[in-house]
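Attaching a single structure in structure tokens format; questions to follow.
Chain naming follows the written order as A, B, C and D, and within any one chain the residues start at number 1.
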Amino acid sequence: MKPKVAFYWCASCGGCEEAVLDLAEAVLDVAAAVDIVFWPVALDFKEADVAGMDDGAIAISFVNGAVRTSHQLEMARLLRRKSKLVVAFGACAQLGGIPGLANLTTASGVLDEVYRDMAVPLREIREDGATLTLPELFDAVFALDRAIPVDYYVPGCPPSPKVVADAFQALLRDPPPEPGTVLAPNQAMCDECPRRDRRPEDVKLARFYGVEERAIDPADCILAQGFPCLGPATRAGCGARCIKGNMPCTGCFGPTSAVRDYGAKALCSIASIVSGNEVEEIDGTLDGIADPVGTFYRYSLPASFLGGQAGNLPHGRQ
Amino acid sequence: MPEEFEPKIVAFFCNWCTYLAADLAGTSRIRYAPNAEVVRVMCSGRIDVQFILKAFAKGADGVLIGGCHPGDCHYQEGNYKALRRYRLVQRLLRQMGIEEERLRLEWISAAEGDRVRVVINEMVETLKRLGPLRKAEGERAADLVEVA
Amino acid sequence: MPTTTRRITIDPVTRLEGHGKIEILLNEDGAVDRAYFQVPELRGFEKFAQGRPATSMPQITSRICGVCPTAHHMASTKALDDLYRVAPPPAARKIREMVYSAFLVEDHTLHFYFLGGPDFVVGPKAPKAERNILGVIAKVGVETGRKVIEIRRKLRDAISLAAGKAVHPVFGVPGGVSKPLTQEDAAQFRQAAAEALEFAKFTLGVFEKLVLGNREYVDLIRSDLFTHRTYYMGMVDEQNRVNFYDGALRVAAPDGHEWARFDPREYATYVAEHAEPWSYMKFCHLKAVGWGGFQEGAESGVYCVAPLARLNAADGMATPAAQEAYLQFFGALGGKPVHHTLANHWARVIELLYAAERLKELADDPEITDPNVRVLPEEAPREGIGVVEAPRGTLIHHYQSDARGLITKANLIVATQNNAARISMGVEKAARGLVSAAHADEGLLNMVEMAFRAYDPCLGCATHSLPGSMPLLVVVRDRDGTVLSSLRRDGDGGIHRS
Amino acid sequence: MPDREVRIGVYTCHCGTNIAATVDVRAVAEFAAALPHVVLSREYKYMCSEPGQDLIRQDIRDHNLNRIVVASCSPHLHEHTFRTALKVGGLNPYYFHMVNIREQVSWVHTDRAQATKKAKYLVRAAVRRVGLHEPLERGRVAIHPDVLVVGGGIAGIHAALTLANAGKHVFLVEKEPTIGGHMARFDKTFPTLDCAACILTPKMSAVRAHPNITLWTYAEVTKVDGYVGNYKATVLRHPRYVDEDLCSGCLQCLEACVYKQAKVPDDFNLGLSKRRPIYIPFPQAVPQVPVVDPETCIQFKSGKCKTTCIEACGERHAINLQAESKVEQIEVGTVILATGFQTFDAARTPYYGYGRYPNVYTALEVERLVNASGPTGGEVVMRDGRKPQTVGIVHCVGSRDENTHRWCSRVCCMYSLKLAHLIKEHTGAEIFNFYIDIRTPGKGFEEFYQKLLNEHVHFIRGRVAEVTDWVFDASEEGKLVIRVEDTLAGFVRRIPVDMVVLATGLEPRADAAEVRRLFNISCGGEGFFLERHPKLAPVNTFTDGIFLAGCCQGPKDIPDTVAQAGAAAAEAMALIDAGYVETEPNTAHVDEAVCCGCKTCNSMCPYHAISLVEEIRKSRVNEALCKGCGTCVAACPSGAIRQNLFEDEEIFEEIEGILSNA
């Protein structure tokens, strides 16, 4: 009997679903290998069906997206109950993802911004004798494993078709990978970067550039050119997609297994290759990184040690 | 009014200078505030930004880094690496709403026992003024993670 | 089993995150009194965009939606051109539009075959188990099914060559694109373009055969149940022909005449947003006309975007085959403007054809491989607005920044917001016409659902959901909120009664 | 984490009352007992004592402990002691962590409750960390048997000879053209009054003659690389323009110099006499080879000299005015720094009139005056040619003084007494000593003081306010008046004298800071080189293989200097004869499974210990070169480099241990 598999999304953009569809013809092979019992985007099965299953009836649930609302939390818990294995699929589920940048502010901060001079929606309102409600927005975005125990992770925003295919293979293999494994290579992206041999022995940066300041040479190491490329800090598996697009790596595959806080480590490493021993000189160089949080925690703020809104100051003060 | 807030400081001290200075303060019986606990590293260059953020996440109200004076690093230039990381992480903390006074970098040579007193006492005063740093990681995770 | 309002509103299963939600209230006679289309999600990109470098916006805002990331990436990149006052060189402009055309082909394909299409191709009353891509494949044949998958893959592979990634591209930079197109890349684009054009023509054929050839469907399209006389907005080129990448915004009045034609940078003087306390979605309307509630007609500021609106707002298509289909479309539906919501499906296939033709033109253009693809900004950034036609309609990115280029204010108006008011009206109208205390069955629900699925409402843009099979809750209550019956259709299209 | 179950023993030390007085040791021990994996928690009076160590050894066997935490003093003091105890107890010495609750808790805090709490948290941090410790082996580095001795004063000379006599090859490098240092300038030495030259010069010639000593005078160490056992030093030898090997030391060239009269101030005599452009610092100088001073030699200035010196040298051709400086590269295993001191600059105390009144002298100048081989042939005549009838010796000039130096220079009291005796002997003058305290803590010192008292030398207790020529009455006419508060008599006195001697103190050499950096050691607050431990390692530094001798470590007299030089030589020999030195295993290593070969680490390492292995495209650490700073570990973007004893996880545990109550 083929293993039962479920796909679900929490707070995600749908890119992870597309990433599965991007298996293209291979989708059919996957569909053949497993018995998909729940995949809202493509197939007609209902949450009620899931609720009706025995606990642990589902072999693997792939959940993408972060947890931001009370309902997402409920769904995550339901699938955890019904599944032997839960896989956090994609950067949002693994690390919080780009929507996790919202952790620099609070839900009320978001509402104030979006509804500047308008009526802010209420969670509950009586209308014509009936009560209409909206689900609760948590004050912060959470990576999936802050909400439920997670067995495996598939990194990437979105995961590359190769990583997705390999992950399916790895999970169907016996014995399965170590619990907690991130199902992608455990080296940094430089390992598969076409420009790796163009990196000089001793990179010392006296200035950082933005793409608006200078064109990126399509052949040389992007970091060595002064663009904060996070390839050296970021797990491989993407196939260096952004580098091939001649843009710096922004870290969507997260850290290797040897690093606990992606942004802190990336920052630590980049700062180490800044030139100069005088505060003034160092600061001058660092001015080129105008947005450290957005640079080093673009995909991982909710999974970081500090999570974002750590301090007492007005947030996001520049 | 509850008892006065006693800030917690995690101090990462270089084995060759600031840690020795702290020992010297001891042998000289120099008295200072008991709020700082020292983690000894061989060089301020070993201090990973992860350690600093971890300390804040786990409830430190302040973090102190002690290294050798510029030009005096026991390993030639580890302290410069520490300085560069410090300057950048300060910018990050500011974005996260953490006052820069909560992270301090000091060059303290093996001979400057009294400097240890001055710096730690100053820092304790500053942190008492700033008040506790809200715990981010702990509290939030507790919101969600199911108690198995 | 009667339940109280309170219990229903806290029932988690009915609160599908990021999904539209409908509440229908009945009056004493058991007829529909009010119906609400709610959007219960919000991510606040506008807020956390603040403090980020403007140049990171094309990649950050693409995460608003993984289905139409290229639309956000492009609108954002154009906003950067404006922010930095720099015009991309011709080759860069062409690469952008070529990639964008390829994206439109694969996205419209996705909707027609995977999401919206099944209602027509398979049929609105067909068993739910068949109303999906597999059902479509069954109907149009496995070969076609494979063809759909294959053509999407080829287009997305080509997009990756130029843009780095198909989901969340990276190539947009102020004043151009991140790298020139190589001869090999161009060749692959030409190959894909040729196949795409064949496929588009084939798809139009499928639509004509399966939909237009079916009297029942055509009546359904024309039925008053799915008709609203509102304003329409879309982007047009100098000759007022449909254009997705660039041009002027044009608004057609309910009677079809040009009500306004303006530089997208002036959107704020024409478009206003209105908030309702029962939804996180903001409702766009025409400022000059004003917000008159969820009303039809020239006196109500309600307007809509997306394929039908674009065709209504334009005078034609810029490519021959599409132009031919355009004329046939209005001929068959009684001239401009067409107010039938379900006509969006037809309009979408016509746009698919246009996008494929445009893609081929650009891929064949020798200048596409010109190495000069970048102009570096010289002016300090201040404010920038970028507008494109997303598959689902007009998409506006508006940034203000400090001198370092850090975002100080961002305003994003996504396609579905433009449609929100008309979608709500459509839902209420359909509900009024179909629902009563007496009966509320599965077919009814799917038809109410069709009233807004036709817009291909990308709630991924306004919320987190994928478009297509919209989850839907119909709660039938009496005046004091007691539930008489409740039917729920989930994100998966399944129905169950509680 | 090793598979074996972790069984931790925690030992909290009272250190007599040093810790127990401020920290509730029992409470700490009880707290530790309750921590996870702790199977045994003891308190003990003196953990470092033999019984204390035995306790650990015994418990390891009886309770089969596999991790040990000792909370006592600074690891700098006893980490090694306890690691050895573990080893003897049959446990890997690195299954150990030490908690510093004395220097950094009990000695610096007063509130018992708070100090106890802090001690508890530090212990918890250690317990959490030690559980992750891995067994480690110390590496071995062979010791190069040669020794570099820097400084040719009595300290350097004695150290060099001691080593050379033991058969070790020594490179002795001296900045000046001759060895001998300050001692060579002295006439007699206290308290025995035996002649300095008589005891020094034989040692100087012994150095010159010794086959195991390579003597480079007029030379400086300019660069030092490497580490204990394997130092590489670069020595710059200034040209003296007279070839040491060819010169026979006949000194005819001096006589032959076109300068018939010596015109250049002679710095060996502190400018009290003149010398020629070609000169020898002093008659017994070693090497016995003249030097040409290019600043004053006509040939160098104009090129128009008859170079009669070269003629005089004749066949030997020892003089070569085209000579250039030479750079020597040497490899040594150990280094002894004996760079000495400089005397306090009396000009910094203008109120004593030095430089303003010709008859105000520094003690060192007077050493030359009373010296038979000095500028005046041992006659005490003042700059105005008169012999002094009354002499005032001002003690503690630049010592024990808030405005200059706080420390006591240790030698001034005794040399002042010595000079008082010698001046009286030479001139019969009446002598006044102005002192704060007379310090005579040394063999025969106090007796010498008594002797001076019996010689009717006056001692006036009080710090001199000023020396002035502003006279009040005829009795002061033509004299220098010393104004002082006689703190015994209790009133201010004016003492007219002919000659004033300033007993200037000892201070670090001006270049001490540069030398310190050159050899990568530390200085104390006053600027003297810092010893590893004031009592237990007085000649060691914090840099292994580098030792201290003489006044570069602090003011001391000749006997102490010689003793310390011997000690430094012995320490060096101990290393050399062991043949190797064990290195700490806290080195970095690359986890090749994670390394992506980005090369970030390569540029981090100041010792070039990391390089990319092309075949596998991964970086690798040469553990022999790695010094264990850990900079590369923090810099590695993917966490692929780890440091023994300072693993990320170990430090995270330490942090959590400190904070888990926060």
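We adopt the following convention: contacts are C-beta pairs under 8 Å (C-beta built on N, C-alpha and C of every residue); 3 or more make two chains touch, one makes a residue touch a chain.
None of the values given here were measured: they were computed from a predicted structure.
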| item | value |
| --- | --- |
| Graph separation of subunit C and subunit D (steps between touching chains) | 2 |
| Distance-to-centre winner among chains (Cα means, whole assembly as reference) | B |
| A-C compared against A-D, more contacting pairs | A-C |
| Separation of subunit A from subunit C, taking each centre as the mean of its C-alpha atoms, in whole Å | 26 |
| Interchain centroid distance [CA atoms averaged], subunit B/subunit C, Å | 53 |
| Subunit A-subunit D separation of Cα centroids, rounded to whole Å | 57 |
| Inter-centroid spacing, subunit D versus subunit B (mean Cα positions, whole Å) | 32 |
| Where subunit B touches two or more other chains at once, by residue number | 48-50, 54, 77, 81, 85, 95 |
| Residues within subunit A bordering two or more other chains | 104, 259-260, 265, 268, 270, 272, 291, 293, 316, 318 |
| Touching two or more other chains - residue numbers and ranges from subunit C | 51 |
| Inter-chain touch pairs (all) | A-B, A-C, A-D, B-D |
| Residues of subunit B that touch subunit D when the two form their complex | 8, 10, 16-17, 19-20, 22-23, 25-27, 29-32, 34, 37-43, 45-51, 54-55, 58-60, 71-72, 74-78, 81, 85, 109-112, 117, 135 |
| Complex interface listing, subunit D residues touching subunit A | 591, 593-600, 602-604, 612, 617, 631, 634-640, 642, 648, 652 |
| Subunit A residues within the subunit B interface of the complex | 67, 73, 77, 80, 104, 138, 140, 142, 146-149, 259-261, 263-265, 267-268, 270-272, 274, 276-277, 279, 282-283, 286, 289, 291-293, 296, 304-318 |
| In the complex with subunit B, residue positions of subunit D that touch it | 74-76, 100, 102-105, 107-111, 114-115, 117-118, 121-122, 125, 517, 520, 522-525, 530, 542-543, 586, 604, 606, 627-631, 633-635, 643, 646, 648, 651-652, 654-656, 658-660, 662 |
| Complex contact set, residues of subunit A against subunit C | 9-19, 21-22, 24-25, 27, 38-49, 51, 65, 68-72, 74-75, 97-99, 101-102, 104-105, 109-111, 113-115, 118-122, 124-125, 127-135, 137, 157-158, 210-216, 218, 241-242, 244-247, 250, 290-291, 293-294, 298, 316, 318 |
